[in-house]
Amino acid sequence: MSETQRQIKLGIPKGSLQDSTLNLFERCGWKVRQHHRNYFPEINDPEITARLCRVQEIPHYIQDGILDVGLTGKDWLLETGADVHVVSDLVYSKVSNRPARWVLAVAGDAPFRTPQDLAGKRIATELLGVTKKYFADLGIPVDVFYSWGATEAKVVEGLADAIVEVTETGTTIRAHGLRIIDDVLVTNTQLIANKKTWEDPWKRRKIMQIDLLLQGALRADDLVGLKMNVPGDKQDAILELLPSLNSPTVSQLKDSHWLAVEIVVDRSIVRDLIPQLVEAGAEGIIEYSLNKIV
Amino acid sequence: MSETQRQIKLGIPKGSLQDSTLNLFERCGWKVRQHHRNYFPEINDPEITARLCRVQEIPHYIQDGILDVGLTGKDWLLETGADVHVVSDLVYSKVSNRPARWVLAVAGDAPFRTPQDLAGKRIATELLGVTKKYFADLGIPVDVFYSWGATEAKVVEGLADAIVEVTETGTTIRAHGLRIIDDVLVTNTQLIANKKTWEDPWKRRKIMQIDLLLQGALRADDLVGLKMNVPGDKQDAILELLPSLNSPTVSQLKDSHWLAVEIVVDRSIVRDLIPQLVEAGAEGIIEYSLNKIV
Amino acid sequence: MSETQRQIKLGIPKGSLQDSTLNLFERCGWKVRQHHRNYFPEINDPEITARLCRVQEIPHYIQDGILDVGLTGKDWLLETGADVHVVSDLVYSKVSNRPARWVLAVAGDAPFRTPQDLAGKRIATELLGVTKKYFADLGIPVDVFYSWGATEAKVVEGLADAIVEVTETGTTIRAHGLRIIDDVLVTNTQLIANKKTWEDPWKRRKIMQIDLLLQGALRADDLVGLKMNVPGDKQDAILELLPSLNSPTVSQLKDSHWLAVEIVVDRSIVRDLIPQLVEAGAEGIIEYSLNKIV
Amino acid sequence: MSETQRQIKLGIPKGSLQDSTLNLFERCGWKVRQHHRNYFPEINDPEITARLCRVQEIPHYIQDGILDVGLTGKDWLLETGADVHVVSDLVYSKVSNRPARWVLAVAGDAPFRTPQDLAGKRIATELLGVTKKYFADLGIPVDVFYSWGATEAKVVEGLADAIVEVTETGTTIRAHGLRIIDDVLVTNTQLIANKKTWEDPWKRRKIMQIDLLLQGALRADDLVGLKMNVPGDKQDAILELLPSLNSPTVSQLKDSHWLAVEIVVDRSIVRDLIPQLVEAGAEGIIEYSLNKIV
Amino acid sequence: MSETQRQIKLGIPKGSLQDSTLNLFERCGWKVRQHHRNYFPEINDPEITARLCRVQEIPHYIQDGILDVGLTGKDWLLETGADVHVVSDLVYSKVSNRPARWVLAVAGDAPFRTPQDLAGKRIATELLGVTKKYFADLGIPVDVFYSWGATEAKVVEGLADAIVEVTETGTTIRAHGLRIIDDVLVTNTQLIANKKTWEDPWKRRKIMQIDLLLQGALRADDLVGLKMNVPGDKQDAILELLPSLNSPTVSQLKDSHWLAVEIVVDRSIVRDLIPQLVEAGAEGIIEYSLNKIV
Amino acid sequence: MSETQRQIKLGIPKGSLQDSTLNLFERCGWKVRQHHRNYFPEINDPEITARLCRVQEIPHYIQDGILDVGLTGKDWLLETGADVHVVSDLVYSKVSNRPARWVLAVAGDAPFRTPQDLAGKRIATELLGVTKKYFADLGIPVDVFYSWGATEAKVVEGLADAIVEVTETGTTIRAHGLRIIDDVLVTNTQLIANKKTWEDPWKRRKIMQIDLLLQGALRADDLVGLKMNVPGDKQDAILELLPSLNSPTVSQLKDSHWLAVEIVVDRSIVRDLIPQLVEAGAEGIIEYSLNKIV
């Protein structure tokens, strides 16, 4: 088989992460389009065949070589215990910088304060194996049972004494009147590969290309470009305000003592930085979005 | 506690069966109403408290006494192995009289003809335990793994060699291009009770009331009432046409040789019976629906 | 104008009550059909022209003679103070027999126990006039202000100290964490007429026809028909079980000692009555729905 | 081929009439169920295979023998000029008794009063052939062109001088500010059969069974059952009120001078009949729905 | 209390303006996220707590100090007569530059030409106080009554002689066949603050930061960035075409007589400017979007 | 009439292309807004009036001068045979670079291999005239008939032997189990004008402005801007990697040997270009989107 016909099999999570993942791949130049009556999504790269799978099943398929590479969660990788190569962590930007975590939660007015207080109690969760191991490692005997969804409601309904459930900010947990008493697992999306695939130089290079571009696009979500004009005599004061890690691009305007300054900064500091720049004498400040930064 | 304050805890399946089950209870006189922000549905019987649970979790809750009585499927009762009392089978009327069954299916063009041909292959299913036992009983070594939904698609996508999935008519299975090679389990809805609950005379009587009315309402789905006027001299010929198991109610009309005949018949024979009755001389045939028949 | 051309103008509430009201009229023989781009719904009675209006505006239109007759709530009739003739109360069947009522509610953990505790506080409501009168009659000085919907949330959000809001079972009130401290007004749907209209014999007769049929259809919601066959020697025991207010229709079956018994009973007692009838020897019990009972 | 394997091919209109037609067949005992990924709907009668087709295409398929029998509109039968056997007219119950008709309509403020005024003008319609023939028969030269939906809007948008469009009550036409100046065609649903099919005795008998039951179910839409108790001495006065065409079923109540009277009447007269029956002394009047009347 | 713990309470309009307002705040660096079961939206700035309120109620809450600062409409500020500090006008970009206005409208074929013609007539509106004042100032006695939505329809339905309703372009008014006879009030969104809040230096500074960024983001909606390459000898001609108020950034390209020119221009002139720039010799013209311009 | 009052009438396709077309015009500076109850969309250019029409009807309206200019498909222009001036082709960016085409397709297992094999067969299509001409030109006698949508299903349902249907990638055709045996027509969107309109200098200039901007915006869909910093000594190696057709903008950074390089490249090569640039020593690579490129 000639090199141009080589292909890797890529697994993309379907369900709640599907739209944001397909959008991420599109920003990286890979358009994945699923057709109504067709199982195999089309992808505009002859070197890749893509499949949409449940995030929980991807580790299994990659371990068995049904897929070469895919995205999954660190939580489900642990739960399944699949034997794969972890290529990298992919941290999606969300409302807060707090990572997603599986927490142990009880009713707000329950007497339980620590995991030890739950000895002999009933715990509902979708993450059965990890939860059992968590309590076993602590030496606490509990009755862990599998929850088919709507887990938060189970404590309120009296069907369980505690739950282990995933949350980003804790808001949904608290909205159900629950109280978090411990973190069981911190998780994030991961790019994982089959171990044999990773030994193949052509396939490894292809996977690293995917990783470089995914990381570049994810990084761009948190950053914006700023441009401004700066009088020559205020250059130092203004450059001092800019975050030291990102070196600005400074160019002399033609026939003028003004400078054009461009910089990439974290989106979250802009609302504080702009008032300071205005005060320091910068003019014509514009902010624009980035697709990718490498 | 006085007898009038006694209560049983009833579990109703949520999800795909929820609407038809709530409708069934309403036809029996129990209005169950779920409120947007409330976990506990309201029920208009002070002797019952109702909860909506996943059908897969109900056997577990009833075994542990969290619930007294509930509806579940024979399949999930077997899968969970819960130790409960089976009160009765509740056969919902559907498009066909064929019961729901879990079948073993493979790709239409696969070489597999019998379960034995699947030795060493990968089988996806949501009914993990029952499927493992089915192959173990046959002495066939296979790799059974858990499927998080969309099971039929897995064979087409090359993620599994065979599936075990539930179907009523086989239509969805065939629409995916699959071929059924064996029946693994025939299933239907069941009314089940906690074993201690069943020993309590008051609670058992209450459960039997529920069962009597649910059965009466389910039976009425398949039956209709027919009324007709019959000339006295054609009475015998017409009564002969009527199904022998249901004895008709015959009354003499006032000042007339005509008789009024009423009968309850299976809905499915009406389209053939009516043309015969017309031919035999019956007049003014009307058909009406029933809520319940006991 | 000839009598056949006479018409009354009927106002039907739009919004939350619209579907159930149109359905009620349809069961009475009046099909009201609203067209997408048309203001005037079509009605299949040349003696009526129908309009869909906000329930709050109907009293006003009827007082002014813009409409002759209409459905509204006792609450909005009081609030607007419109001078109309109240024809009758129309009690729609709902989950409970508890009528809708406007209640005074406060935060669950607030120190207020009686209306008097709210002196000097802020009260949000959509029923401004009635609420002001309620507090004035009690001699309690408060600041009542108009709420543009989502009233229950206002206490939680700290925007009001108490609310006056409508509820049937109190469930939504409690789901917001509120506590009811008094009933302000018990309400139900009413059929009301313009006072001059009511003096016109032709129009009054038409309105009374509407009222008779609406009442008959509403009553049928709560009732069902039962038929059963009864052996002659058990007739007395069985008839004794039947509610005394509704006299059963009993007829002798032809050439038999069995009787056919028909009766109309309250839907809510059927679940208790049927087990008793079975025990007493009734056979072939069937239950069917009614459209109307007069 | 044995007789039990004989089949007729039935065409059912898809689109706006689909739901009401499938519901009609279900009331006749034929459950037609369409599956998501399947072209052929399943039907619970081994003697029929069903297909869903556009109503406009059915005449064509029946003429060519692709289908044996089907439902279509008289309008599309004429438009296509298909050579088929018309079995019967099926008049669906709608808001009014006025049949659907294709009308010629112009802008409300246009100078056109008669079809003749449209000489030389532009006419938009979906019923191209019938419209052309209509104008040709009148000897009026016009430019008729095909409209791809939203026909009523074309006059308003200045894209056509007149339209020919279907309407039941004229409401949508008027809502667009149009004025009807002539009726082009009155139409209704028809049951039609292939001419060769109609010559086959087995198939003709099957088609007549379908027709008998469809007619029985359609008739039941417009009728209801009434039961009442009548004192013996008022029997004559009350029976006189009942429509003469439907002969009532009268039976003597046991040990009583009261009679039980049952009758089937047109739904549309109930609202006038019930007040009269009450006045004449009938008691315990109940109304119930019918599925079918033959 | 330490300065870092200080907070202002911000009111955001819910309903029709909610999505565009939340999007505007997000572009300014404030992510506001509302959770399904929670009243208080989360905001990623510890110095702000946010609340979603009806736009009509915000002035009232700010006057009373329930909120410190918020967005409302000039119309509802006038209607409520609330005593607050108006920080600035926020002009959202819409399809036209015509501001929203409340107009007095009558039926297209009504005889009314001026407000005076409405003496003694019935006027429906949601803006009761402003409308009453408008007529009182003109000395015209009218009957103004409150409209519960669908105001435009009231004239058509014969329920009112005129309406006062908000519109941007007049399109909806005209689509109902109404004719505008006067402007009652021109309105736009405003940022308003509680008067005491405004005296607090820390809070005023925070409000001014919010205002600076909101204005910067709104301005960016109407502007785009243009870049182009310009030959040195055509520099003057091309720079002359550019709008004089925005001074372009000009830099010399390396080892070339070409210049790079960047400028920010109004989005609405681009469609006319680009053809002129092409004609004048500019090359490689690219246009890109801006997030903010200060 | 003064020049500023001159207007052209523009036809925009409604239906499946409507949203992408309105979005395209908005990116060019023309906001087209359709109001719920209004036929004429509003457009923010006094020189244009816009109308939404079915794509199939636009050629007809433009030929007759009802519209001056509009977007349609080459397929429908051919089908209608309208006599218009074709201004330009507008190639929308889609998942693949393969243009849309009308293909001749048959059942996957049918014996037909070439158009000639279809002699005497039944062909269903929405593109009646083009299809008839295609077969006539080949001298193949067939029965072409009009299909009212869902054309692909007709072969499967046995209603046609072959179809002529539009497809971009062939996916939907194959998903129905069909096999393509020939291309009938390759099509794309076109900007067309009335022939008299095109002779009017003012109108022609306006149409050319529309065309210039639409083309600029469509081109920008496939391109992105890249900026990077490059060490002076690696300049040549890096510039060599950049596509030769697009000349990069290079400027010297102030007080440094680094250069700033900006270039516009095809979106589809970025995923391969970025890894190469990183390897060659470029730093701070950022990618951003373009609105338009002329």
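Worth pointing out:
Read from first to last, the chains carry the letters A, B, C, D, E and F; within each, the first residue is number 1.
One rule holds in what follows: contacts are C-beta pairs under 8 Å (C-beta built on N, C-alpha and C of every residue); 3 or more make two chains touch, one makes a residue touch a chain.
Here the structure is a predicted model, which is why all the values come from computation and not from measurement.
Shared contact partners of subunit C and subunit E are absent. Considering the contact criterion stated above, the chains in touch with subunit A and with subunit C alike are B, E.
For subunit C, the chain with the farthest CA centroid is F.
Two copies of one sequence, subunit A and subunit E, touch each other mainly through non-matching residues, since under half of the numbers at the interface are common to both. The interface at A-B recurs elsewhere; of A-E, C-E or E-F, the pair that shares more than half of its residue-numbered contact pairs is C-E. Separation between the centroids of subunit B and subunit C, computed from CA atoms only, is 35 Å. The distance from the centre of subunit C to the centre of subunit F, with each centre set as the mean of the Cα atoms, comes to 58 Å.
For this pair, subunit B with subunit F, the centres built from the Cα atoms lie 53 Å apart. Of all residues in subunit A, those touching 2 or more other chains are 37, 251-252, 288-289, listed in ascending order. An unclassified topology is adopted by the chain contact network, corresponding to no line, ring, star or complete arrangement.
Across the assembly, chains come into contact as A-B, A-E, A-F, B-C, B-D, C-D, C-E, D-F, E-F. The residues of subunit D lying in touch with subunit B in their complex are 28-31, 33, 35-38, 42, 44, 209, 212-213, 216, 220, 225, 246-247, 249-252, 259, 262, 264, 288-294.
Those residues of subunit E that touch subunit C in the shared complex are 39-40, 51, 53-54, 56-57, 60-61, 66, 145, 148-150, 153, 156-159. Those residues of subunit C that touch subunit B in the complex are listed here as 95-96, 169, 171-172, 174-176, 224, 227, 229, 251-255, 260, 267-268, 270-272, 274-275, 278, 284-289.
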